[in-house]
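To start, the structure itself, in structure tokens.
For reference, chains read A, B, C and D in written order, and residue numbers begin at 1 within each chain.
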Amino acid sequence: MAVRALSEGLAAPLSDADATAQSMADASPAKWHLAHTTWFFETFVLRDHVPGYHLHDERWPFLFNSYYEAEGQRSRRDRRGMMTRPTLAEVLAYRAHVDVAMAEALPALAPAAGAIVALGCHHEEQHQELLVTDILHLFSLNPLEPALWPAARKVPVALPGPIGWIAHPGGTVEIGHDGGGFGFDCEGPRHRALLTPHVIADRTVTNGEWAAFIEDGGYADPAWWLSDGWTWVKSEDIATPLYWERRDGMWTRFGLDGRRAIDPAAPVTHVSFFEADAYAGWAGARLPTESEWEAFAASHDAGDGNQTDAAGPVEPRPAITAPAPFGDVWEWTGSAFRPYPGFRPADGAIGEYNGKFMSGQFVLRGGSCATPRGHARASYRNFFYPHQRWQFTGVRLARDL
Amino acid sequence: MAVRALSEGLAAPLSDADATAQSMADASPAKWHLAHTTWFFETFVLRDHVPGYHLHDERWPFLFNSYYEAEGQRSRRDRRGMMTRPTLAEVLAYRAHVDVAMAEALPALAPAAGAIVALGCHHEEQHQELLVTDILHLFSLNPLEPALWPAARKVPVALPGPIGWIAHPGGTVEIGHDGGGFGFDCEGPRHRALLTPHVIADRTVTNGEWAAFIEDGGYADPAWWLSDGWTWVKSEDIATPLYWERRDGMWTRFGLDGRRAIDPAAPVTHVSFFEADAYAGWAGARLPTESEWEAFAASHDAGDGNQTDAAGPVEPRPAITAPAPFGDVWEWTGSAFRPYPGFRPADGAIGEYNGKFMSGQFVLRGGSCATPRGHARASYRNFFYPHQRWQFTGVRLARDL
Amino acid sequence: MAVRALSEGLAAPLSDADATAQSMADASPAKWHLAHTTWFFETFVLRDHVPGYHLHDERWPFLFNSYYEAEGQRSRRDRRGMMTRPTLAEVLAYRAHVDVAMAEALPALAPAAGAIVALGCHHEEQHQELLVTDILHLFSLNPLEPALWPAARKVPVALPGPIGWIAHPGGTVEIGHDGGGFGFDCEGPRHRALLTPHVIADRTVTNGEWAAFIEDGGYADPAWWLSDGWTWVKSEDIATPLYWERRDGMWTRFGLDGRRAIDPAAPVTHVSFFEADAYAGWAGARLPTESEWEAFAASHDAGDGNQTDAAGPVEPRPAITAPAPFGDVWEWTGSAFRPYPGFRPADGAIGEYNGKFMSGQFVLRGGSCATPRGHARASYRNFFYPHQRWQFTGVRLARDL
Amino acid sequence: MAVRALSEGLAAPLSDADATAQSMADASPAKWHLAHTTWFFETFVLRDHVPGYHLHDERWPFLFNSYYEAEGQRSRRDRRGMMTRPTLAEVLAYRAHVDVAMAEALPALAPAAGAIVALGCHHEEQHQELLVTDILHLFSLNPLEPALWPAARKVPVALPGPIGWIAHPGGTVEIGHDGGGFGFDCEGPRHRALLTPHVIADRTVTNGEWAAFIEDGGYADPAWWLSDGWTWVKSEDIATPLYWERRDGMWTRFGLDGRRAIDPAAPVTHVSFFEADAYAGWAGARLPTESEWEAFAASHDAGDGNQTDAAGPVEPRPAITAPAPFGDVWEWTGSAFRPYPGFRPADGAIGEYNGKFMSGQFVLRGGSCATPRGHARASYRNFFYPHQRWQFTGVRLARDL
């Protein structure tokens, strides 16, 4: 119920129109996130495991199935924004209806269904983060540049000192989910990985450091870029992180609190893998592999990183002192998103969860300011295409020893 | 005030989301139509002719200018649907604000400004028709196929008899707006045109006749099609008028009252110029030229054709007996939309009204069921690209004598 | 035989590779022109009218049919450049084979077949012009900018004086082909047209005058452009006629003799309808209608305009004194390419000749330096889309009186 | 000289037109391959290391640089087919000129330059394979389906028995180039990799087995496909390997000897990573990782696999008995093409060799029938995008133990 309530809290400042518009094919309407997460429970728990349950509306599975081929036909992904009806209010009523049915059903659910309930909650947390980033993207296209929330009060923070480097001697480590507690299918099986000796940064790259990369001509020199990245930079006219603009001689960024000056002490965000990789080369470093990252995370206190506890202002904060693996920004790794040794998708529609996305994408680790607290863990594997950057994505550097 | 009220009446059944979504680049959100027509009065009357008027919001001209290059920068046409804010309620408040200012200003306006007020009203009527057709297109993409209005009560009507042909002996006629009453720039100057002897149909083509064209393989035989039309048919997979679908062995169409069986006695609508031209060839006829059409219209009583008197169900009705040039459907002519001899655009931004669209489009005449009554006249020139068909467009045949 | 020989003369400087490449979907390989014109004779004369004729190669009709739907399947237009085989030599052998068969067949051909022979010759002349302009386009994409022919020797010519204006009082004129001698289907029927009083320029616009339009910011001011034209200018980054480039502070153009300085006294060429229309507005004039143009041409001596007599350098020459309707450059008119009153396409595949192209294109009149002499006439209607400009297209102005 | 001669041998059956055409952006003209490989020697050896050397033509580096940003401007990749000049004969003369200069220079070259000569030879071998596959693709678009070479004489071969599985116990292995002999930059550094226990097939998948996958509906069932693969299958209408067509009820393929029936005993080829991965899933297996593959290859005799010894018919042959890691078809692995631990690109233009392609592509191993013998080795890493399949690409299966 806490998970369900957070979704509604995040959507609370949205008008019916805000919740309906789809700003690009990669993004979905907020209303759709609210309904799709509900469809997940209705379909895989109530329909499949609760005898006598009647669908809230027979036509809605067609509307709110995302990509489950095994669940049959569905509405076109790039037309989600055309569904001005059902309204936001009707979708909220759908949520209430399913929540009541779930509350009734939970006590008597079989363990197999219970596992799907847990999956459904973690699934909904993923969509909470997408809801926030999708609204940010939508609002960025509005010439009025509206703010979803007022800006958080901020205490000026000193620029962090130079990056400190945490050494690892290399050798065999165990990575992957160990089966205790919840984990997504792609996080396992737990297995051994071989690391080479290396160092990893004790903090992520800041806005101030990124501005230096820009001023050094980083976006104009092909030497720093992967070939596909350079093609992307030229064809899309990329010269800054997403949402940055130079105004009155100053770097600004658009955020959920509107357009404001960048904070040079805060982690850079909304950069693509291509940008992260180019920056790393320029800085004489590289991106960590996901195994290196996980070894680092497993040996450092998760602390109280900047993640989402409740609906409200979301923004990366100035870097804090202690090495904190979680929060603020997702960290691009140099690892392609591929199956771990021994990985097998589950049977049935649920089996489509992560396995079918294992080409063309790169792994990100750590969790961001828009990640519900408790959602991420050391073994958590997020993934996006190398050009995507509307998530809160950032950079942690590494180097060979 | 009557014109302004009709816009609001048409928008009354719309939710904030309905009014915000943009279904394709050719269409605009209802909210945008409501605001843009208001911007027209605010800019060209209040700002330009009422000393001391303050803009309702300094940032809104950027949002609601359509295509007036002389009025400076404006938001991207294909991103109108991203403006979830201002809300529908705020736009309605903008309308009220401008209406009050206009009511105050009207008594003292100079004649030049008075002419712009008249233009603004006719301009708004054009957008009323677009508002209705754009909503229809948007709703057609919603898998739920919602109805904007309940269906009108219908009395079954017998199929019309064969087309009757009205003869014209040819010779010189006068066409174009004569300067009495309002006319758009492109309707003049009035001038002589030379007609060849011909006949023109006393009614438009019906759904039933169109179904026969389909069943005879009309969409599959290149012999009937212009080369560009055939390319369009193949690349877009066109096999019926827009919104038609075969369901349970019957032809249905989607309309503002949802999906229903076609009425074989009613005029076919939502056909492109390419389709109209192909049909005419198949039927052993041709499309009339715009001069022929105007000569026909000028000599027949406009009658009480099926046009819009008030917000409510809009749909072509079964053909009536007397030759009625106006209403039900816009009629494609065989004439490219080009300037009349002696045409000159007005000076300034207003001069961008129609002249700059005079390439690539074809003239339609007559007015449709979605045209506010009184808006169309014999000299009225509507125009669309030959593939467009989301307006209520239909076909009247002609033949050489 | 003279027509056939000219084609081979034009192709003589081409390598097998030159003759095979296709530079864009609008253009065709020279080899294809040579073969397609031959296929026309083989199909519509030899196959249809000469008993016992055997096709040179059963597979080639598939290769060399252009757009005749009634003649069945054909190779994809945009893949003509992939046909590296048959070779140029094999295509020349095909030509020789068909020429022999035609020479044998001619004496005994029925009149109906004789008419097709005449059509075939005029058809081949059309392709001769295309062959030349398509090679020019191809060579323009080669960074080496090769010349097909050496430059013609030139005598410096003084700039022409201001345009002289030839007046027409308006009234009814006869236009269209009168049935004497050869004419394409779209040139008739001959019919009366109504002209308004106007003047037409006694020469076409020069390169020097066009340079003044550029320097006045003509390509950067939307006021001069049709809406579709402005979209084209922005999306294609158009700032000069095709093949113009500024080098070392001077305007140059690429031509069949390589890249050279523009001649300010010569007619501007390789401009689109959009450019022609924008220029006319900037110059306080308009384009003539095709009826006005034909009335002008019919009353002026065709003279010995600059057209193609033999294979060799082709380029618009400095304007000569007497009003010369034919040669140097095709002249854009303000008339959309639509059927004349009473036009009916012929039956069968031949009927696809011109009628099916009667949407979206504009009429050009006059003939160019690349038109075989004798091909054009006062009633001749050439047509292209308003953005196309790889033909030798130019501008003659007109004005209302 | 042997390497240089093989290029010319492969190009010997080509006409000037064959050698000039570019069939898609991924492919290059044969003439371009011949010239580009020559440019490599001319630039990085003769220009950089031979004092007094004059470029054969100052303008040609612009034409024949491929992607070396550090070498400055170059012609557009997608317009290589527009370079009908220089001719094939001129390019062959360029080759001869550079060969003579190289022969003179070789004895006195510094070791650093000698290393570039070796790189140049291996570089040319890569382009030899591309030349062959690019011609195959070009010829496949010619409706005449020409053969480059006559078919090799074939002895009918029995279908192979079921796949035999070679077990590996897992554990640490060394992979990567060991520094002895030539290796490309991306093959090193040699490093340890951790394998899990698995089996790998003793032969590749055959055409006959692939036909069973097709007949079982493999291309129509999303369950077998990666999400990106399924999108590709739907949007490109993929239903067979490239070049396969059903004719007269039989599976045929187009090859360098024209169109012929498939040999069910021969390895399937011209399949993409997406297809390979889908097939593996359908067959209850997976693709090997590149480390697994290299461990397998390192422990098996390379034998005399089917690779290119001389210009002439090239085609995968029926599978032979002994496990043969090299030849017939490149084998897709499940490994993304990413840098090995400690990889650093070289300095300067040569540094652009492989490193900048390390995103979005998958590794292939083994070498094909079109690979010059001696070019591939156990550590060799080939790479293509997951949808590409115009190379001779095939499938070897693996399974977890």
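The criterion applied here is as follows: a residue touches a chain if its C-beta (ideal position, glycine included) is under 8 Å from a C-beta of that chain, and two chains touch if they have at least 3 such contacts.
Note that the structure is predicted; figures quoted are calculated from it, not measured.
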Chain B to chain D, fewest steps along touching chains: 2
Separation of mean Cα positions, chain D and chain C [Å, integer]: 45
Centroid spacing, where centroids are CA-atom means, of chain B and chain C in whole angstrom: 37
Computed distance of Cα centres, chain C from chain A, in Å: 58
Residues of chain B whose C-beta touches two or more other chains: none
Set of all touching chain pairs, with the criterion as stated earlier: A-B, A-D, B-C, C-D
Chain A-facing residues of chain D, complex: 67, 69-70, 172, 191-194, 196, 222-223, 225-230, 273-274, 277, 334-336, 338-339, 341-342, 356-360, 362, 386, 400
In the complex, chain A residues that touch chain B: 15-21, 23, 59, 62-63, 75, 79, 81-88, 138-139, 141-144, 146
